[in-house]
Amino acid sequence: MNKKIVTIGEILMRMTTPGHRRFSQSDYFNVHFGGAEANVAISLAQLGIECYHITVLPNHEIGKSVIDYLKSRHVRTDYIEFSDQGRIGLYFMETGAMHRSSKIIYDRFHSSFSKIKSDFFNWEMIFKGADWLHWTGITPAISEETLLFCEIAINKAKEYGVKVSGDINYRRNLWNFGRKPLEVMPDLISKTDVIIAGLTDFENCLGIKEEDFESACKKTVRLYPNIEAIATTNRISHSTTHNVLSALMYKDNKLYTSKEYELKNIIDRIGSGDAFMAGLIYGLLHKEDQQALEFGLAASVLKHSIEGDANLADVREIEMLVSGNNIGKLLR
Amino acid sequence: MNKKIVTIGEILMRMTTPGHRRFSQSDYFNVHFGGAEANVAISLAQLGIECYHITVLPNHEIGKSVIDYLKSRHVRTDYIEFSDQGRIGLYFMETGAMHRSSKIIYDRFHSSFSKIKSDFFNWEMIFKGADWLHWTGITPAISEETLLFCEIAINKAKEYGVKVSGDINYRRNLWNFGRKPLEVMPDLISKTDVIIAGLTDFENCLGIKEEDFESACKKTVRLYPNIEAIATTNRISHSTTHNVLSALMYKDNKLYTSKEYELKNIIDRIGSGDAFMAGLIYGLLHKEDQQALEFGLAASVLKHSIEGDANLADVREIEMLVSGNNIGKLLR
Amino acid sequence: MNKKIVTIGEILMRMTTPGHRRFSQSDYFNVHFGGAEANVAISLAQLGIECYHITVLPNHEIGKSVIDYLKSRHVRTDYIEFSDQGRIGLYFMETGAMHRSSKIIYDRFHSSFSKIKSDFFNWEMIFKGADWLHWTGITPAISEETLLFCEIAINKAKEYGVKVSGDINYRRNLWNFGRKPLEVMPDLISKTDVIIAGLTDFENCLGIKEEDFESACKKTVRLYPNIEAIATTNRISHSTTHNVLSALMYKDNKLYTSKEYELKNIIDRIGSGDAFMAGLIYGLLHKEDQQALEFGLAASVLKHSIEGDANLADVREIEMLVSGNNIGKLLR
Amino acid sequence: MNKKIVTIGEILMRMTTPGHRRFSQSDYFNVHFGGAEANVAISLAQLGIECYHITVLPNHEIGKSVIDYLKSRHVRTDYIEFSDQGRIGLYFMETGAMHRSSKIIYDRFHSSFSKIKSDFFNWEMIFKGADWLHWTGITPAISEETLLFCEIAINKAKEYGVKVSGDINYRRNLWNFGRKPLEVMPDLISKTDVIIAGLTDFENCLGIKEEDFESACKKTVRLYPNIEAIATTNRISHSTTHNVLSALMYKDNKLYTSKEYELKNIIDRIGSGDAFMAGLIYGLLHKEDQQALEFGLAASVLKHSIEGDANLADVREIEMLVSGNNIGKLLR
Amino acid sequence: MNKKIVTIGEILMRMTTPGHRRFSQSDYFNVHFGGAEANVAISLAQLGIECYHITVLPNHEIGKSVIDYLKSRHVRTDYIEFSDQGRIGLYFMETGAMHRSSKIIYDRFHSSFSKIKSDFFNWEMIFKGADWLHWTGITPAISEETLLFCEIAINKAKEYGVKVSGDINYRRNLWNFGRKPLEVMPDLISKTDVIIAGLTDFENCLGIKEEDFESACKKTVRLYPNIEAIATTNRISHSTTHNVLSALMYKDNKLYTSKEYELKNIIDRIGSGDAFMAGLIYGLLHKEDQQALEFGLAASVLKHSIEGDANLADVREIEMLVSGNNIGKLLR
Amino acid sequence: MNKKIVTIGEILMRMTTPGHRRFSQSDYFNVHFGGAEANVAISLAQLGIECYHITVLPNHEIGKSVIDYLKSRHVRTDYIEFSDQGRIGLYFMETGAMHRSSKIIYDRFHSSFSKIKSDFFNWEMIFKGADWLHWTGITPAISEETLLFCEIAINKAKEYGVKVSGDINYRRNLWNFGRKPLEVMPDLISKTDVIIAGLTDFENCLGIKEEDFESACKKTVRLYPNIEAIATTNRISHSTTHNVLSALMYKDNKLYTSKEYELKNIIDRIGSGDAFMAGLIYGLLHKEDQQALEFGLAASVLKHSIEGDANLADVREIEMLVSGNNIGKLLR
């Protein structure tokens, strides 16, 4: 039976310099909508899963264009609210090249999402028949309102027996509304079944400081026995367009290691972590553990070849990459 | 001797949909920097005047690109400050066509400029040798800080014997920091020598409600005897790309009326009021009154044919249009 | 209560030369999806109506992109079928300018839609709760299969008590599968409540040859008493980018005449008839007759300012044009 | 029987600012090749005439691209020579709009063509079976070498019984190699059968100063009895994109007057005089006099709707415009 | 003496997604014309060979644009026919990147070429003075008519003593008009002097199933003694933009092996096989065997750096690559 | 204290084919201004140095756009002269790819700069407070006038105690006004403190023919004891987009060797030598020798990732690359 997945989180407008131009050389910006959780929803929708994204948008034409975008990518927008308060969060991105890094200027404060009211939402309808809720550590980091919204969503999910995943995703330039991650994240994580976390996430959000992923996982699952699986990707950056990517998952006291991919001529790495999360969720729902991890990583690898924030690869393409067939062939 | 003119005010980044696309059809936005007062500075710089613009910009690559832009248009940026507080104000513009209007979504709150500190600036240096200060009613409408900044700038200008012009430019979607225009504008206007104002400006900023421009001017100069000249443009919109434009000036108890121009195939009308202001300032400094008005209007007419916020026409081009020669000819 | 409208018909891919380039000057083509009936659905969806479009698409990535497009424009695609038979119909369009006409090269034969099987569709579900069915004379003109599909759809609509509209839209370069319009169209029209027809449509599809619209309407409603209303637009072409447009409607033995609009600097006239149809349907459902006609025409006028096949104007914009307010103003 | 026409003259590369941008706003230039005489050849080739263009090009990839361009437009390049001497002549064009004129910066000196050697060419082959030679007053104005080349071409044409046309086309920024137009043009014109000339041409190239075209023609044919026909276009420029165009021809002691066309939304007027010349040549070869003039003018009118230097309209399109049918209709 | 080569075959229009966009992300398609045999003709024309391409095109503006394109690339179009029957064959291509493959959707059935009439053509004129005929296995795979056309062309070539090459190019998604490759290809191949074939070609078109190229060649030349040379390229695909390419030729009982090229940052691989064929033909006509193979492969390598279907490299560039000089240098 | 640097030299307009298109495939050219010495000035201005560039430009809109460009990049233009003589020098560049080299067609003769008058310039003002003069071997190679201009500039610099650097930059397609490099370069080099020279430069401009850089340097400093430092970069070209770059400097009888960088996916290598020069000047002024060389090379490496002729990297970015931190990381 087809799965239903709920994602919650803010959607930003990305303005990217064209070609590989610097900010000071650009007289136009390419526009993409994205958000860590909505990216997961879109990726999963391409894999045939019914996804509902929950957010708040400003009540103007650009806010409405976000709806158009989500619909075009087959994400259900039934529960998205519009607000006359606040703006759409933005970020500007200068596309790097070679030894020159890409740069992001955030301009996301005072957004409509940051003023979200949790009682806008009919949680019963939202979680009716749902299999999974996905959240990220960005949401509790924005404002008192979004923290509350995130807490309620997770609690409601638990209440309705819905599985929960969370991408810890610690961002040091957020968390400036008065709370510290260590005050709030442990509780949220303790109710989450599948998490994505790297060493800085463990340290900043759980206070667990370890040298390696496996030790951190062991300590984490001991403290938070609700957690079923912890995964992460490992990226080595030789240059802006040349990375090496692999993934790890700790589950049932076992460390799973993926294949390693050499990524050259990267088109767009934004959202590749979200593509991994989506692929992993799909994998955990449909495959055994090692294959789930490989599927998640292959999804992330393909994302690097696709412009925009979301992975538009389908199941067949991802499985073909996992199997190593037809790579780079011309498909007629 | 060459003139020196000082302009003060915020610079925004305009993001315009390409072609005549609607917001929901656009996957990139053209980028132009602009601001009512900086537009005046740029227009005057094309006419050979030395212009200094005073503002505050966010301390990042896009803020710095504004400096690059102003320099490229020959405006002096020596006194511009950078701040780690706040953002760059934005607005998004959907380009209309035919019977479909152009639309603007503002996103300008919380800018670095709105947090301006007036004591950043060395006013003595700024006004040394200056002939003219130009401000607009947008600046006092933004925040307590920008109101204070505007007041100080005008007072300093008077102190150093610098002539002052102001474009009243009432905007009903600003003025939400607690003050009302009628509380503060009359004082600022009373210290200004040349103003641009239309009937809504008179009403909202001076409390003078009249049926026609001439009566409003008469009442105004009676109440504010410092005012030398009041000018306005008159626009009839047949469609987004077809307008009719003329101008009026009341000076020395006399009403001057300009020629009327039929504007078809309009390229970009943003900044056409600022082009008029700049042309009028130039005219008042170099020509007699009727010719000053015609020069200002012709400058504004030419602006409609130029992409971006600022008028890039030079003196020869504007005078050629005033004289009616060579219009539409191929200049080899 | 919100209305539900069903549209049936083929969707084509339009490949348009960029700028005003001739075919032999173009090294890329802009791509738009469209179809007379889907355009109506999209236009109505922008007006807040729930629309379901029924069609068949080829089972490949471009066929699937049509779904993405319809969803992005808020049209429901639940009942669209995919087929391994046939292709997507195309047409190539050279954009004219001035005295040079635009040109269309059709390449629409052998499409998946032309091989449609009517028993693919669950008509009961489709028409459950529906208020309106819209078809055009293009569908019966394509193939034996599409004729049958159109007949069944109309018959089912009648069976479920759904109102029916039809745009006669006679195309002399279709109708080459063996049937003549006069053999089949009268029956279809006789079951239709609201039709759009011009003099050539009356003549070719009903055999009614009259000098003027009113006489043709009188004769038609006498012969086909089921018809409630007949409407048409009247276009005078001064040049490719300069037309004059008005509309007529004959209803309850009365001829309604609309305002006349001068259309200069036309952006894209493709789909302007469909925009009129959609506006008229909306008008007939929500307004009295004269206003319904004006609403339909104003919708069509706005379409000329919008790139692509479908009208993206909303109710407020159309009503603003009907009322004549704010035309060409900059909306801040 | 199909006609063979020979044209001689320089080909320049035009670099045009995109959109309606000013030079200082453009970071790329559109590239078109053109030359008054080659434009005539291309226009005639579209009308089905076999045209040979004679010129010299620099021996590098851009010079060779001119050949590719002429071939793509069906002009025969068999007799074009390449030279290691000199460069390709250029001009830069800023596209005007509305009341802002278009501007050209020439950069055409020291070209390979300016160093042409007339004995490069096998004139016997070139004129074998030829019906017509076309030259313009630009060629003798460039250098001693091009003057000689032009003289020889005309003399050879006369020798082989080939009819000759010339567009006088006086350019005051040429003629700086030491000769004056009045020294050399009368002789060249005296051997020419059909000329295009306006009042400044008559004055500067023949020393005939008259108030009106007819008087100038009368005087001219009296002095140069070889001339069969003299034609000119009359352009009124309301703005850069709005002109009015008509044409006159004096032939057999009779003045022919054409229809007048209102040209709005002009796309590209470069080469419209050459389109007239080509249309007139075609008309004089295939039609009676009044129709020849109308055909020439309609060709020129259509050129204004086509990007690039050459008219790409075919016979059917031009005749449709002459007849006034289908203007601005969508041709399916 | 300059060579004359005749190529026969269909020309398709390729519509390619821009950048590396997926189909569902593209709002325009880049347009290139191409066809395996016409690509060979264009490549050879760049090498200075006089090439005539024989085909049928639909009688409309896009069909005519194919002529413009071939002429611009110096291919003779004298014998190309236009037909009112059928359409231009198309294919849509999604440009892959990294681990994501490029994808092609064919839409080539019912073309004008598929309905070709062999008696349209004056074979005597076509082959007069010709040195070479080139065909591919695509032509006999399309329809009964194209099979007949191919047979006649080959037979006529043999009759006039013209050498024949054939690229077997087995395509499993063609061959659906009723004939099987093994019914018809052996006869065609038996009359061909130089073939390009890989292991799948041998198996599907000759019924020769071998493990390696050399064995397949040996068996083939034993059965078809007319064949002088058999060549193939060997491609290893590490990713869409990273391939390794080498070539083999079996001639006079000897296997020639080429250098191997590492191809990174591939621009466009479409037509690289045709570039090899063209280079090999040129090489066999002008060089000794090993050098002919190297020349063919280097031509193919350079093609990967050139957008579009045809190789635009000249003899000097190809020889420079064979010699290994100046690779990647800036040539001033 | 902030440094003041003076650069002298011609500025050319580069017209580059878009994408990786060949000349014959390009219908527009990207435009960049550049010149070896102005590139150095712009690079240094990005590093916070006050730079004055001295040149002559043609007195038209494109000449003036060069001023706009230099100002936008923070280079002082106070001493640039305009002339009615001559043109702007150009070069056309075809962007290569893979094994296909980039190609340059120069069109720079007869420029305004080539007719420079040295007494235009107020050398006293120019060198007042200056720390450094930079020239290249291109200037003396153009014309008698530019040679004289270069000599005077260097002599004045010495007179005012300003340090001098020179990039020898021998170009064999210049030097055709009658002088030979060996007649004039030794004298200019003998007055220069820091030079960039490779083996061909030593040979052609100093007559010093050695096998390796170190020997050439030793001989050079023996003959020209004024020279403090000699540097060079070493480039290995695997393909157009894959180079390996390192640098050497000989100073105080010591050879410094830099790190080696692998450059893949090169964006634009034009100006990378100038970026090295600028980085080296900055390094010599602010760092010790080994670090100066590394800074210069890292600047050059970053230039390869930036479109246009000039390096737009700042001090922090270059130092980050030298330190090897954060390469290819996403900087948030």
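Should a chain be cited, it is by its letter among A, B, C, D, E and F, assigned in written order, with residues numbered from 1 in that chain.
Here, contacts are C-beta pairs under 8 Å (C-beta built on N, C-alpha and C of every residue); 3 or more make two chains touch, one makes a residue touch a chain.
Because the structure is predicted, anything quoted here is derived from the model rather than measured.
When each chain is reduced to the average of its Cα atoms, D sits farthest from chain A.
For the self-contact between chain A and chain C, the two sides draw on mostly identical residue numbers; the shared fraction is above half. For A-E, the equivalent interface within D-F, B-F or B-D is the one where over half of the contact pairs agree by residue number, namely B-D.
We define each chain's centre as the mean of its Cα atoms; on that basis chain B and chain C are separated by 46 Å.
Along chain B, residues 22, 24, 27, 68, 103, 264-265 each make contact with two or more other chains. Contacts between chains, counted with the stated touch criterion, involve the pairs A-B, A-C, A-E, A-F, B-C, B-D, B-F, C-D, C-E, D-E, D-F, E-F.
Taken in their complex, chain C has these residues touching chain E: 15, 18, 22-24, 26-32, 60-62, 64-65, 68, 87-88, 90, 92, 94, 103, 105, 107, 109-110.
Residues 261, 263-267, 301-302, 304-308, 312-313, 317, 321, 326-332 of chain B touch chain D in their complex.
By the touch rule above, chain C contacts chain A in their complex via residues 68-69, 71-74. Remark: chain C residues 19-22, 24-25, 96-104, 106, 171, 173, 237-243, 264-265, 269 touch chain D in the complex.
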